[in-house]
Amino acid sequence: MKFASLRKECYEANMELPKLGLVIYTFGNVSCIDRKKGVFAIKPSGVDYDKLTPEDIVIVGLDGRIVDGKLRPSSDTNTHVELYKAFPSVGGIVHTHSTFAVAWAQAARAVPLYGTTHADHLAADIPCTEFMADDRIRNDYETETGLQIIDCFKKHKLKASEIPMALVAGHGPFTWGATAAKAVYHARVLEELCKMAYITELVNPKVPRLKDSLIQKHYNRKHGKDAYYGQN
Amino acid sequence: MKFASLRKECYEANMELPKLGLVIYTFGNVSCIDRKKGVFAIKPSGVDYDKLTPEDIVIVGLDGRIVDGKLRPSSDTNTHVELYKAFPSVGGIVHTHSTFAVAWAQAARAVPLYGTTHADHLAADIPCTEFMADDRIRNDYETETGLQIIDCFKKHKLKASEIPMALVAGHGPFTWGATAAKAVYHARVLEELCKMAYITELVNPKVPRLKDSLIQKHYNRKHGKDAYYGQN
Amino acid sequence: MKFASLRKECYEANMELPKLGLVIYTFGNVSCIDRKKGVFAIKPSGVDYDKLTPEDIVIVGLDGRIVDGKLRPSSDTNTHVELYKAFPSVGGIVHTHSTFAVAWAQAARAVPLYGTTHADHLAADIPCTEFMADDRIRNDYETETGLQIIDCFKKHKLKASEIPMALVAGHGPFTWGATAAKAVYHARVLEELCKMAYITELVNPKVPRLKDSLIQKHYNRKHGKDAYYGQN
Amino acid sequence: MKFASLRKECYEANMELPKLGLVIYTFGNVSCIDRKKGVFAIKPSGVDYDKLTPEDIVIVGLDGRIVDGKLRPSSDTNTHVELYKAFPSVGGIVHTHSTFAVAWAQAARAVPLYGTTHADHLAADIPCTEFMADDRIRNDYETETGLQIIDCFKKHKLKASEIPMALVAGHGPFTWGATAAKAVYHARVLEELCKMAYITELVNPKVPRLKDSLIQKHYNRKHGKDAYYGQN
């Protein structure tokens, strides 16, 4: 098997999605990139997780063309292409239709930062794109989906290395990370943050956003040069 | 065993319902039809899923009479009869009392199309029938339940081949598809769409319906001659 | 082991509660009665389900005194005594602190009959008692809990043979049936009805109660001389 | 292995958290103290539960310094230190980011005592601290988190021996008990109480707090010299 380790990383990360309750049927995909070779591995389109094998994983170039593999890649492949090109720190990307993240995306709202569980992972609201304009929909839709996220990050001056997740309005979540496993981790965390924020607003409709001093404290416990969480 | 493959298809589809969390106890039934022979296979009435065997499945004609089988068929059999007669593209039908779909049916609301997860499966709100009139209730109730769905589709000019699901007001969901397995798939998807729409409205009470251009784009990615999702 | 079959029935019904997700830790109890011998079997107080054995089950008389057993019976024993004395058709009783049923009990609201899932089991709202008066609390509290339920049934002219469940305001659910297994079935159904009604009201705050003609139709499909659901 | 039994108690209690659905990934920690030796055992920082071994557990003194162990202790260690120093009856402490407890903490609301499930465990609302002042955040944040809880208990005249849980505003829950296992029990109960109170308020926005006579009755059934719940 060519690209064996890249395919294996991609396969294993994909198989985490149903285990974590983030997808039903074929509702999701994970990719991971080999920056040196300029190719990424991605789930084939519409294949059930319980039938997926490492051999089924498709290898794609940054021009969106198949480099190796017998199956058609995920229909979202061009979204992954745009994100890999725009965000050089990203090593893996996940797309799911997980329940609470989709609900916030459908509600077209950024998820407010209400607590330290959120601030442990990112020091900003979880961004949500605009609804896509009709001319973009008529264009290459999946490429435009990636560009919507990138535009949103530019507009709000966000760094993909610091904000590892986004909601696409009316659609659902994309998450990323240094590796495919880390991107899956962010997909699971995002779903939890969306559920917590939902309950929080129902418990207290006037809940304030967490104050900046607490946000910075928690974010910096886990990230950056003064981090003191974990073993490294 | 007569009608062995039809019974087996029906049995296996029925057994998916408790695994998918769509039924407790005996709250549901699946049928599948052999159009050439003009008979369909359906779950027997009130039999627990963990005691069900392929032999227990009842074979029924399109007049609602038992063709083969030792047990009484589902009390909802006549609803299936009407749907098979009115919707010639349908090969399998599912009825459940899954939690979120029942809640929308009890609320007597069509489920608004809020996102692409919904549009990937149908390009319209999930229809909900009227409450049944008293004279119809006094009539053959299960036959009338089927007619309620058919009337609803006529009134709103919906095609059963494009809209594989309906809610019966005050009651619960029916779904269908080309096969029993596909009908079960739609039952699971319906439950998820109902849960997502419920959360969406609580996150944003003023949420707009997804715009048509996005609906058509997503529906056509997966359906029709220009579909490009999956491996075929 | 004395009263072996009664103890076994009681043990097995108790063990269903954690499997069905109706209890955590020791939050619940099931009893079943032998009307001829005038004794009932009940879970011992505060014993974890994973350590429970049939021998641990306590045999109690209708005066509330232990007839056989080494352990102290459930602290709710006297509630069971009152219900068995007042409701002669009852063969088994369940008390849980299941999440949605407790929430409705805390909200001190009868659960409105919103759909056929409810009407398949009872043709009335799920009754909720008054909050207990202070003099009754100072009295034998568990006996008074049973009397609260009985008073509620008298006041609303309900029959325990037709309404197999009640909520005690501020506390939680009691359910019953011809056997312990049937009482457990009603505990699971009650939890589902409470969850469905909760979601229904959030989906449509102005949802109407199901009309009587539909209620009677569904109740009579499953109960009484003209029932045609199931195999008997 | 030094401190073998303390490490084992701590390890086993930590391993309960993912089984009970109270943590995902590394979101939580349990400690337990040996009061005679003046040391406590605590989970190492950022280690996955499925890789955790008893040997990984860190032994820490009441000055917060490592006494034995190869790994860095939980970043929340100093919070545990303060609680052990202020609350001499406490033998074990748990911190989680369980969903409903975090939502109430983010909503910065004490959880009202709505029912007997709550009163069985504590006879007061579940307290919630103030948001931490900025000068305290700049100080030793984890020490200050413990002090916030202690201040809250002083202000409301609560006893840690009677109220085994607290919410830290904008952050999440801490629970405790005579042993680590008992502290885990309280973490699970807290999550259930938070879920029940959330649903209760949505079912009845005007729900009253449970009256004191019922609170005292239930609390005293399980606690104090006249308790009659359980086998002792």
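Lettered A, B, C and D in written order, each chain numbered from 1.
Throughout what follows, a contact is a pair of C-beta atoms (placed from the backbone, for glycine too) under 8 Å apart; a residue touches a chain by one contact, two chains touch by 3 or more.
Just so it is clear, the structure is predicted and the values come from calculations on it, not from any experiment.
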Which chain's centre, taken as the mean of its Cα atoms, is farthest from the centre of chain B? D
For copies chain B and chain C, work out whether under half or over half of the interface numbers are shared, and give different or same accordingly. different
Separation of mean Cα positions, chain B and chain A [Å, integer]: 33
So, in whole Å, the Cα centroid of chain B is separated from that of chain D by 46
Touching two or more other chains, which residues of chain B qualify? 202
Among line, ring, star, complete and other, the chain touch graph is ring
Listed by label, touching pairs are A-B, A-D, B-C, C-D
Chain C touches which residues of chain B in the complex? 24-25, 27, 44-47, 71-72, 75, 97, 99-100, 102-109, 131-132, 134, 137-138, 141, 170-172, 198, 201-202
So in the complex, the part of chain C that touches chain B is made up of which residues? 114-117, 185, 188-189, 192, 195-197, 199-200, 202-204, 207-208, 210-211, 213-214, 217, 221, 228-231
